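Okay, so here's the structure we're looking at.
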Amino acid sequence: MPRVTLKLFALLGARLPPGSVANATEVVTAEGTCVADILSGFGLTDRECHLVLLNGNFVPVDERASTRVTEGDAVAVWPPIGGG
Amino acid sequence: MQRALLILPEKCTGCRQCEMACSFEKDRSFNPSKSRIRVFDIHSQARFIPYTCTQCSQAWCLHACPVDAIRVDLSLGTKVVHDSLCVGCKVCTIACPFGTINYNADSGKVAKCDLCGGDPACAKACPTGAITYVDAEQTGYGKMRHWAVKTDTQTAAQV
Amino acid sequence: MHHVIIGAGPAGVTAAETLRREAPADNVTLICGEPGPPYSRMAIPYALAGKIGEDGTRLRQRDGHFESLGIAVRHDRVTAIDAAAHRLTLAEGGSLAYDRLLIATGSSPARPSIPGLDLPGVHACWTLEDMRKVTAQLRPGTRVLLLGAGFVSCIILQSLVQRGAVVTVSCGSSGRMVRSMMDETAGGLIMAWCRAKGVTVLTGGRPSAITSAASGLLTTLDSGLTAESDLIIVGTGVKTNTGFLAGSGIELDEGILVDGWLQSSLPDIYAAGDVAQGLNLCTGAREVHAIQPTAVEHGRVAALNMAGKPTPFGGSLSMNTLDTLGLISCSFGLWMGKEGGEQVRLLDAGRFRYLRLELFDGRLVGANTVGMTNEIGVIRGLIQTRIRLGGWLERLKRDPSRLAEAYVACAQGLAAE
Amino acid sequence: MSWTGKFLRIDLSAGTVKTEALNRDWARQYLGQRGLATKYFTEEVDPKVEPLAPENKMIFTTGPLTGTAASTGGRYSVVTKGPLTGCIACSNSGGFFGNELKNAGWDMIIVEGRSPKPVYLSIENETVEIRDASAYWGKTVWETENGLKADHQDPLLRVASIGAAGEKGVLYACIVNDLHRAAGRSGVGAVMGSKNLKAVAVRGTRGVRVKDPDRFMAVATEQKKVLADNAVTGQGLPKFGTQVLMNVINELGALPTRNFREVQFEGAHKISAEAMHEPRPTDGKPNLATNGACFGCTIACGRISRMDPGHFSITSRPQYSEPSGGVEYEAAWAMGSDCGVDDLEACTFANFMCNEHGIDPISFGSTLAAAMELYETGVLTKEMTGGVELKFGSAEALVKMAELTGRGEGFGLELGQGSRRFCAKYGHPELSMTVKSQEFPAYDPRGIQGMGLTYATSNRGACHLRSYTVASEVLGIPFKTDPLSTDGKAALVKAFQDATAAFDASGICIFTTFAWSLENLAPQLDAACEGEWTPEVLLEVGERIWTLERQFNLAAGMTAKDDTLPKRLLKDAAKTGPAKGLTSGLDKMLPEYYQLRGWTPDGVPTPETLSRLAL
């Protein structure tokens, strides 16, 4: 049962369980879980999840369902954002 | 039903699109200094406050006018300056305890909000919903109304 | 019930309209001492300047306004009042009975005792008729001497200049301009401004004599200085029109003393406007405030009381605004200060900007402004509502020009911090 | 219309004020603001001029959309030769000053010479005066701005001024308007100080007119809707500001930390946008009080922060517990992550100091980071720093040095010379994270490869605002590219540089480009300005501006050798994160970039290129 850190930032932070620290929560997943499974588990749609990073690496929308997570992975998600 | 500007300062970001829209409506140029609505930047309290005439029932400006140049538009409840009659004496500007009727030295006349004849440009231009044009009864812009009442001399004397 | 109103200025007209609205079944008679429809003295300078015609001075623009409201307008003058009999004596003969009476006869120019004041070419400029006389003699280049540099003179000054007159103002013994509404600094700025605009301002004392010379009227001041002009306009102050009340038993001081309901010392007789000496909001004393907003407010409140709707008068705020050749100045309330209060001043003489605030007990009580027009009315708001400035007090002491911000913040409940 | 058609020429040496008509041909070629002012500047000023000499000029300039209802149309720029870089400097600012200048009837102010004594420029529509400012010399920006408003008895006066930093020649001194908006980079404030010009105070009531008012209002309204409907400009930026990037860039492993020694900061979250929203344990209030807009801006990304009154930096100075401009991402990074400081309140206070005294927080933070590295390696000692322990992570050091640098006092004045000069002085030029002497912003070129090329080729020294390829490489705007790859980055950088130059010339804020392209800008310009403005025309204007800036820098003595990065980024690989093992691939991108630009392999525009751009 891999344990994965899920980080939801900006407006998505509201979806985290209460009491989450540093915009992160731990998710215990089944073997073979994909990034897309984790996101849908939190009721997040592809459209909301504009930027998904797995350990800092960008996961394009069409690869989220095929990208598996393993123990200790960090999935970080943002809605569309900008800065400068 | 009469409608009124509902102003929610907590939604205002201080962008002044309302001021530009107002001056454009009246003068076809972008000139915040000529706007009849003004955004106050209360910097010390991190608050922006759009501010204009509430079309108060006391109508201080109207009563102060010596030449009948300010009249009530009965359909909208607005107090409207008639430029052809205004002599620019400025008595209304000191009589209005809200400071929402102002002298324009370029035109030699006073200017105030007239709700653009029922389609206020400021409300249309506001990007955040801080200024909306709604049925007067539901405004809860009671705050300004309340203020208007407080400014009544009778009330003031009893405070 | 018959309500009679003497005087068709702003106080009288507002009272008549208010009575009509509040007591629809009653009779209302408005006695108008001058010919023509009721007009506004405030507008005379603009008519004199040619900015508006005589019609533009009318207090109500619509023809038949009073008739349509069922207000009887009677052109006549009242010569005496029999309070016991509830009856007025009229100049044109006859008398008029009233149930309730409002005296709103206003004021008229005070004539100083100067030899030569009766000479042709010496006028007041108070009524429309006065204005017609002045206008008839006014040409571009006409030399006009204004006797007195008070509000009335100063407001005419601009009109005369706009008509192309060559204007001289005599400030009288004080040597100051608009001293009843502006402090010495503000008056000095106005004087400097007028001089810079080509107006001659004389501070050489009081006029002692006017004589007729071949080249015009020669005015001698008590300093010995002389001024020559084609026309003299007397604007040395006003007095309340109470002469016809002699023997009526009504209590008079500077004007008709009225109580907190604008009633005089006599039953069923009220007074309003320039002639009334009512409560001053700022001082708590009874004073004459000869200004349009007070006249209107008096008229409204007196009428409510006459109509049987007891309405206390909260007191008037003395305030005024003046435009001298484009320089706008204002005064409010206790601009001269209040004992134990604090004063904040900002002066930029080079740019003719001045702001003086008088603060007392954490509130604004008075102000003088020169060169400021934006949101000027908030000064009235701050004084009248007696807003506690809270944290804004200190900010205003650092920068008094942030008045409007202070007012709006306080209005939004952001005063505390 | 839209240009007022006239500008002011102020000769401070002679004390004269002149009005001149705008060159309409140039306006058609260079649009306005960054473009048009650069044209004027390069026509009038010797590229070899000493930046702080009276012969240097500075131009305050608006764009054609400044002062119009186009969203964000409130910008102005300051164009001069930068004392930090020796390059053309163009610093862009928002707030309300730009609109006021335009509303007073002026497209630009060209300031020349040096006043014999401190002065400020007072503009009230056509009334323009050079007035004595000796009472304000030495005063802070905040004192100056508030003081001038009181002096003028006009709360609506708009003021752009410098603090002691600009007066004393801090080389990254900026010009601050509206208390916390700044023409921030390249040391334009030091140029102002060298001219003894304390402030420009403006009040304008003439109105700004556009060519086709009805069409303009229709397109401006339509484009405002585009911004409102876009998730970035409509939701993300208003709520979180630019600071939302802190966690993103950290996750990506491109958050330069402790003077670029590392690429991830363990304390990033504590100084992020999300942290600014969290109630503080001390007083229960969040750092962020509200968001605020610049003139005409329907995005409103500005942060207004209220400090914790109990924070050590302000316990004895309660005036700083009033709200003021909060940290933007670059500032939070430079003074936070790059210095290893994870104290949001300390960063906020340092940011207040930067605003109050007029210094660029990016250059300040980066220079401090370099000094901290020198301190940790023992080159600097406590005796040399005035007793302050310049340790990475020290909030006390940050707070102290921000104020000292802002005031141009003590060790702060040394820091005020910028990281290149500072590190060179102490014998370690390799520790200066700069290009053309200007400090980097907040993106590590090892983790975001396009930014390496952006920094190396920027005409005003290292800068993110000249081609923000982060938009594409990280945020997927307008399309996603791989931040770790150098492929296609030369073309990306060129396209961003040219488009950005056009936006900067228009009076519009670059942040609109999260939702807008030139396709959205062009119709607004076309309705506002004389001439025909299409995206194609604008792109060419942008390229022309870029090339003209390049020409100036080459004439000033820059060469292709200056288009490079510090050794640390070229040789030392990132140690953690996705970019682990990577260095910047600048050498792969630069030749391609030159070629795409129509420049020689030595980075010089060919005659054909110049002719194509009518230069």
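As written, the chains take the letters A, B, C and D, and residue 1 is the first residue of each chain.
Here is the rule we use: a contact is a pair of C-beta atoms (placed from the backbone, for glycine too) under 8 Å apart; a residue touches a chain by one contact, two chains touch by 3 or more.
Chain-to-protein mapping (UniProt): B = (Fe-S)-binding protein; C = Pyridine nucleotide-disulfide oxidoreductase; D = Aldehyde ferredoxin oxidoreductase.
These figures come from a predicted structure and were not determined experimentally.
The greatest centre-to-centre gap from chain B, using C-alpha centroids, is found for A.
Separation between the centroids of chain B and chain C, computed from CA atoms only, is 27 Å.
Distance between chain B and chain D, defined via averaged C-alpha coordinates, is recorded as 38 Å. In this assembly, the C-alpha centroid of chain A lies 50 Å from the C-alpha centroid of chain B. Averaging Cα coordinates per chain places chain A and chain C 75 Å apart.
Looking at chain A, one finds that none of its residues touch two or more other chains.
In chain B, the residues that reach two or more other chains under the touch definition are 44-45, 47. Along chain C, residues 374, 404-405 each make contact with two or more other chains. The chain pairs satisfying the stated touch condition come to A-D, B-C, B-D, C-D. Those residues of chain C that touch chain D in the complex are listed here as 346, 348, 351, 353-355, 371-372, 374, 398-402, 404-405. Of all residues in chain D, those touching chain B in their complex are 67-69, 71, 96, 99, 103, 156, 179, 204-210, 213, 217, 224, 228, 238, 289-298, 300, 304, 306, 322-324. Interface residues of chain A facing chain D in the complex, by the touch rule stated above, are 7, 9-11, 13, 22-23, 50-51, 53, 55-58, 60, 74, 76, 78-84.
Residue ranges on chain B touching chain D, taken from their complex, read 13-17, 20-21, 23-24, 27-34, 43-48, 125, 127-128.
On the side of chain D, the complex with chain C involves touching residues 146, 149-156.
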